[in-house]
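Structures follow.
Shared chain: chain A. Partners: chain B in the first complex, chain C in the second.
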Partner chain A sequence: MDRGDGRERMSDVTSERHWTELFAATEADRAGEPGWLGSLRKTAIARFAEQGFPTRRDEDWRYTNPAPIAKVAWRPAPEAEVSHEALGAFALPLADGPCIVFVNGRHAPALSAADGDPQVVVASFGALLRGDAAPLERALAAEAAGADGAFPLLARAFARDGAWVHVGRDHAADRPISLVFVSVPGAAPSAAHPRFVVTAAPGSRAAVHEIHLTVGAGAQLSNALGELIAGDNAQLSHVKLVHAGAEAVHLAKTRLRVLRDARIASTLISLGARIARHDVEAVLEAEGAECALDGLYVATDGSHVDVRTLVDHRRPHGTSRELVKGVLAGKSRGIFNGKIVVREGAQKTNAQQKNENLLLTRDAEVNSKPQLEIEADDVKCSHGSTIGQLDADAIFYLRSRGIGEREAAALLTQAFAAQVVETIESEALRERVLALAQDRIFASGAGGVRS
Partner chain B sequence: MTTPMLEIRGLHATAGETLILKGIDLVLMPGEVHAVMGPNGSGKSTLANVLAGKPGYAVVQGQVLYEGRDLTAMAPEERARAGVFLAFQYPVEIPGVSNFYFLKQAVNAVRAHRGLEELDAMEFLTLAREKMKLVEMSDKLMQRSLNEGFSGGEKKRNEVLQMALLDPKLAVLDETDSGLDIDALRVLADGVNALRGPERSMLVITHYQRLLEHIVPDRVHVLSGGRIVKSGGKELAHELEEKGYGWIAETAASA
Partner chain C sequence: MSNETLEQLARRDYEWGFTTDIEMDVVEPGLDEDVIRFISAKKNEPEWMVDWRLEAFRRWQKMEEPHHWAKVTYPPIDYQAIRYYAAPKQKKKLESLDELDPELRRTYEKLGISLDEQKRLAGVAVDAVFDSVSVATTFKKELEKHGIIFCPFSEAVHRCPEIVREYLGSVVPVNDNFFAALNSAVFTDGSFVYIPKGVRCPMELSTYFRINASETGQFERTLIIADAGAYVSYLEGCTAPQRDENQLHAAVVELVALDDAEIKYSTVQNWYPGDAEGKGGIYNFVTKRGKCAGRRSKISWTQVETGSAITWKYPSCILLGDDSVGEFYSVALTSKRQQADTGTKMIHVGKNTRSTIVSKGISAAHGQNTYRGLVRIQKGADGARNYSQCDSLLIGSECGAHTFPYLEVHNPTAQVEHEATTSKIGEDQLFYCQQRGISEEDAVNMIVNGFCKRVLKELPMEFAVEAQKLLGVSLEGAVG
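== the complex of A and B ==
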């Protein structure tokens, strides 16, 4: 081992050892935690040490090389302050309902707001640990039972805090619940692990806005792990918005559990990060479960986005519909991997999947890979994928009416994205998402729209 | 002396790699309406596309002046803002962009260029309703995606509506009459006639003399093989209708 050169040392700690050492070194920070949480963390780090980071040889990581992420000696994200103004600058409708904010993994009560609905609990894990921790213990133990990759294991081991949402039985929560995870990069590359558990009790209805933002510049890893559970007959709508910095790495594992006759509609809007990887697993666990996944990923110059979805039909009469669209500008790369599994006995399943991509430049690249694994015989499954460019005749038509070339491209791109954005129920969020997406694609100047 | 609205001198133009227009001369004065007739493939749409600045069409020789300015140096959107309008032979369908939103954006782009204030949705709707009467267009077409699933006649109405809204100085109508029944033709012709004025010039491209009974031109040009082979008064259209384009080919050959 060459210890003489700083760069060498950096790649030395690549890897697993950096994290296991970090786990040992941060033991004292977790001193006050209950034993069950400590053992969940220990199990996770042990499993991580055992399985290690994936490599490009793993089929799941063929197109997103994990090495550039794995080799960085990410430090725990430092404590940081975010002002109301800095958060307000994103102009997101956070005040439309209860809102819980985390900054670099720490709960920020000053930025959070309750809305007084006693049937809707929105709390930090930390607050639960100070009171009745039994529901959290059950939820995290159940979550940890799932087999998971290296990054979710790190989130289990290291997450300092998390968002807890519980909507009471047969209760309709009128206002959207916002979970906001803010990254404030430090001087050195640092990592935070946003976590959340959302439970909609049987017969309830709620809308959750999961929002990831970067304030400031610098390398930061946001390694998210979240779970949404719709109990029998419950209806959950979920929007995930990622608006991260140009040097940010966003990795996420999101599990959606849909129980009997329940429905989860989840819309993913990925507008940034140098590397973004979204791993969405929807499990239709009981009969009559329904799931709608919509997604829009935008990759601008120099960025890479990887969306993986697994829709797992386990029981009969499940329905899933999926539409994921990609807009790729500049020199960027997009990956879509959509898998549908229909298990033995999951008869009368109806599963549809579509992936559509719009390449705005010659340098943009996309890989789209649908996968079907069907073990039942009485099912309806379809999938399709397209890759295209802006229609030159349409651009000319718009320009011939006085609309500028950029505006014409923006208008057509917006039309392409609209189908996904329109699935966002909150009008305020929908409009803001459209504006943010346009800014990301066209205001950067790096977009380099083909003429 | 008045500056011509449009002055085309010795225009040679290519579409893709092919030379299509092989020397066109045409002068259109303010307020004049000229018709351009000619067989399929004679270059009528090519001329229209060159005037509108469609990418892929290049002027290789000659000049095109609009109000004395070099039109070919301007981007398509600049031409539109400066008052050049092309009603497309085949209007493009654009799913996901509402007709209403598109028209409002177009009108505001042109207004901004003219130093006028932007219209908000309500103001625009008022203006649009007034102009829609001109082409007897129904409200429901405004909320639909631009031209998507419109019938042939609806698309052509929408083109003339755009012309009415954008208030151009030079309008080129490329076969706005094709595929229309006589009633629809009359409506559109009335709409176009209502837009005639001393400050507005039009180039009306058509295959059929019947349009020219409604929109009576000041002059008629016959285009064949990328050249204007004959020009004359409105009676030339009748002559053409009777004798067919074969007659033109003969006169052109003997000329």
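== the complex of A and C ==
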């Protein structure tokens, strides 16, 4: 198939060298680390050097050109202070439960809050390394064996710290656990690598809120890598909110591992960021696993959002459902690249995927690539994708009842977005996200249906 | 379903696998500029045509065979081991069909295209292409009355060079892709159709392609031009003998529809698919593209793909004219070890352009079936509309069905919808049929035909019957 301008191979090896040199230069910062961690980092940087950055020739990067990100000489994000007030300005319901905050990749204990629940461990990687590091070692080694890719490899090599969550066996955590990653851009373009590992032990139940925020302005790369594991019969609900600055670049790889009869429901809300790329991989590793992915991206002038999802049905009797919605305004670009894979032998799989896009302005653009790859026969799989504008009849209906055109358009857009937002279990977060999404939609002049 | 029925089905023979013993005029395997000059000389081609071919050849040499994106695997093709020209030997130019080599005529009779009968039965005018050259065109006189030109490509180059020169390569440029470039360099014959202004072609035009000689590749080229207000329905059928080697078929089809013109292009592709172990079979790597150049023009592709070891093609429409319409109806069946990566591209450029895609994929035995399609709405295509539906049916646990649509929308007034489903034949559906005394195999056939109905009904009647039979035959033994 025609790849348009994507044909050029990026021959600029210097952008890879920047990172390998940076790795050597920051060796001293990692002096105190245990040997196993050092060797994981070294393997990662070696593999990165070997494979290099992707290009648009790679099918997964077909619509998001990695070159503008790769060619920037990102410096390690500097140490930065963030006050309670600055964080409070986002009005996020963080006080709801245990909360762990990282600022530019560094743990900020002053902003974090513990929880009395002994069955719920929320700690930084650093704290674990000072105590019993064995579970972390096992988890990171297993994680490193998973999917590759240039940016996740960089996160593995460079991440200074990370969030560790462990919910005890058969325990139901009654309050949501918040992982907050704050970016404070410096004068020069800088990069932080948020990491986290969430494990829900067999039979447990928990809700995790993963929140990425930008405080201040400037270019910053937030290159996240996280893993959520639901053990047998466990239930995890996960909300990821990205509320990034206008010059921020947010790249993320999130792996969801669902074991026997377990369930993970994950909702992604992507607001802001100049470039946001969410790469979600859900692996249904055992029989009876279930996964629900919901997503909403709102892109306004000058922004680019790329949502890539992979739902990998490896064992029989798996169920997955996916709904990703996009609202595109101004001169923006939205990409949905979703794949369902049903492996040989994964019989009785039931998988559904849907992508809906709303184009509000002339310069907005959508590329949707829903995909099914099926190697088993006794399955029910479907996908659907729609791209369109607001229904003229619905607008007319509202206008005939005295609602202005702008308001009518905004109302319909909100209703469109609400279907995803409503999957968020925590009422406080749901309300907040709805308000933030509304702001975005209004700010984009969504009213502005083109005329 | 029982495994035995499935196995029986897979074992079933390819009915069209015979070879014809006929004196052939062939060129030694290999490809260089001399071979191209040889082909061109054989065809008595004018200078510009030779230059065009050589230009294509030079570009082809610099191109890389695409391997990284399609979901097909095949061993490397040795382009120097292929014969680029093979033609039945003929002593003199034929005046009428009666003079055609009787052996050749028997071959076509076996294939069910009796040229004799064609003469009498009104309806379909056939251009038969045997290996590399066009051997007979029926109904020439009748068509000429309407001013329609329907002749072998090699003849068109002499008859109406100005039209050929204007349109050849205008839809599929020589450097479009690796296989199109190869075809442009070495194509030996094909069909040419020109329908003049306002003429509605009184009969279905048809080409029958047959690969006979071994070690040959077939590289034909079809060019159809429907002038303003014209209409034509064109059919294409193909078979090949059963051989252990893989043979390459790299054709190029170009369609041009001017204002208010309509072209309906139907294909029933039944090249030899190889045996159950995947040995032999045709590599069907074809570039087909239509250009709706005029306002309110329409191009409709219908394809039934049951043969070939590998089918790799995307009959596409470029919707340039305002209010133009593109359609794609496809049934692709893969059984044995067949692979198919097929679909379409609909490029919306003009305003209020519409396209419809209906694709039905059936995978059985070890077949791998992929739908890959692109719908692109360009910035200026206000009010464009697309509807796509891609369904896959899986029969057996070792096959695969994949759907890879690409939707690229650059205009907010566009409305694009894509839907796809994958499932197997329901136990309850089968049970229902069997309970009413319909055998398992008939039931499967019935369900498969029902599944494909939306596509089959687009085919001209004679072809629809053949296609239904073919589906049944290809599935035989695959049910289990």
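In this text, the second predicted complex is superposed on the first by the 423 of 451 C-alpha atoms of A that agree within 3 Å, B and C clash if a C-alpha of one lies under 4 Å from a C-alpha of the other, contacts with A are read in each partner's own complex, and residues count from 1 in each chain.
Here, a contact is a pair of C-beta atoms (placed from the backbone, for glycine too) under 8 Å apart; a residue touches a chain by one contact, two chains touch by 3 or more.
Note that this is a predicted model, so its numbers are computed, not measured.
Undergrad: Given the touch rule stated above, what does A:Leu411 touch, chain B (first), chain C (second), both, or neither?
TA: A:Leu411: touches chain B, not chain C.
Undergrad: Could you let me know whether more residues of chain A are touched by chain B or by chain C?
TA: C
Undergrad: Could you look at A:Arg138 and tell me whether it touches chain B, chain C, both or neither (first, second, both, neither)?
TA: Neither partner.
Undergrad: Of the partners chain B and chain C, which touch A:Arg17 in the superposed model: first, second, both, neither?
TA: Touch status of A:Arg17: no partner.
Undergrad: Looking at A:His383, would you say it contacts chain B, chain C, both, or neither? Reply first, second, both or neither.
TA: Second partner only.
Undergrad: Under the stated touch criterion, which partner chain does A:Glu373 make contact with: chain B (first), chain C (second), both, or neither?
TA: second
Undergrad: Quick one: is A:Gln419 in contact with chain B, with chain C, with both, or with neither? Answer first, second, both or neither.
TA: A:Gln419 sits against chain B, while chain C stays out of touch.
Undergrad: Pick one for A:Arg399: touches chain B only (first), chain C only (second), both, or neither.
TA: After superposing on A, A:Arg399 lies in contact with chain B but is clear of chain C.
Undergrad: For chain A, what residues appear in both contact lists, the one with chain B and the one with chain C?
TA: none
Undergrad: Looking at the complex, which residues from chain C come into contact with chain A?
TA: 68-69, 314, 345, 372, 374, 392, 394-424
Undergrad: Given the complex with chain B, which residues does chain A contribute to the contact?
TA: Within the complex, chain A contacts chain B at residues 391-394, 396-405, 407-408, 411-412, 414-416, 418-419, 451.
Undergrad: Where on chain B is chain A touching in the complex?
TA: So the residues of chain B in touch with chain A come to 52-55, 75-77, 79-81, 85-86, 88, 91-92, 94-97, 102, 105-106, 109-110, 113, 162, 166.
Undergrad: Please give the residue numbers of chain A that touch chain C in the complex, ascending.
TA: Those in contact with chain C are residues 1-2, 57, 59, 344-345, 347, 357, 359-362, 364-389, 450.
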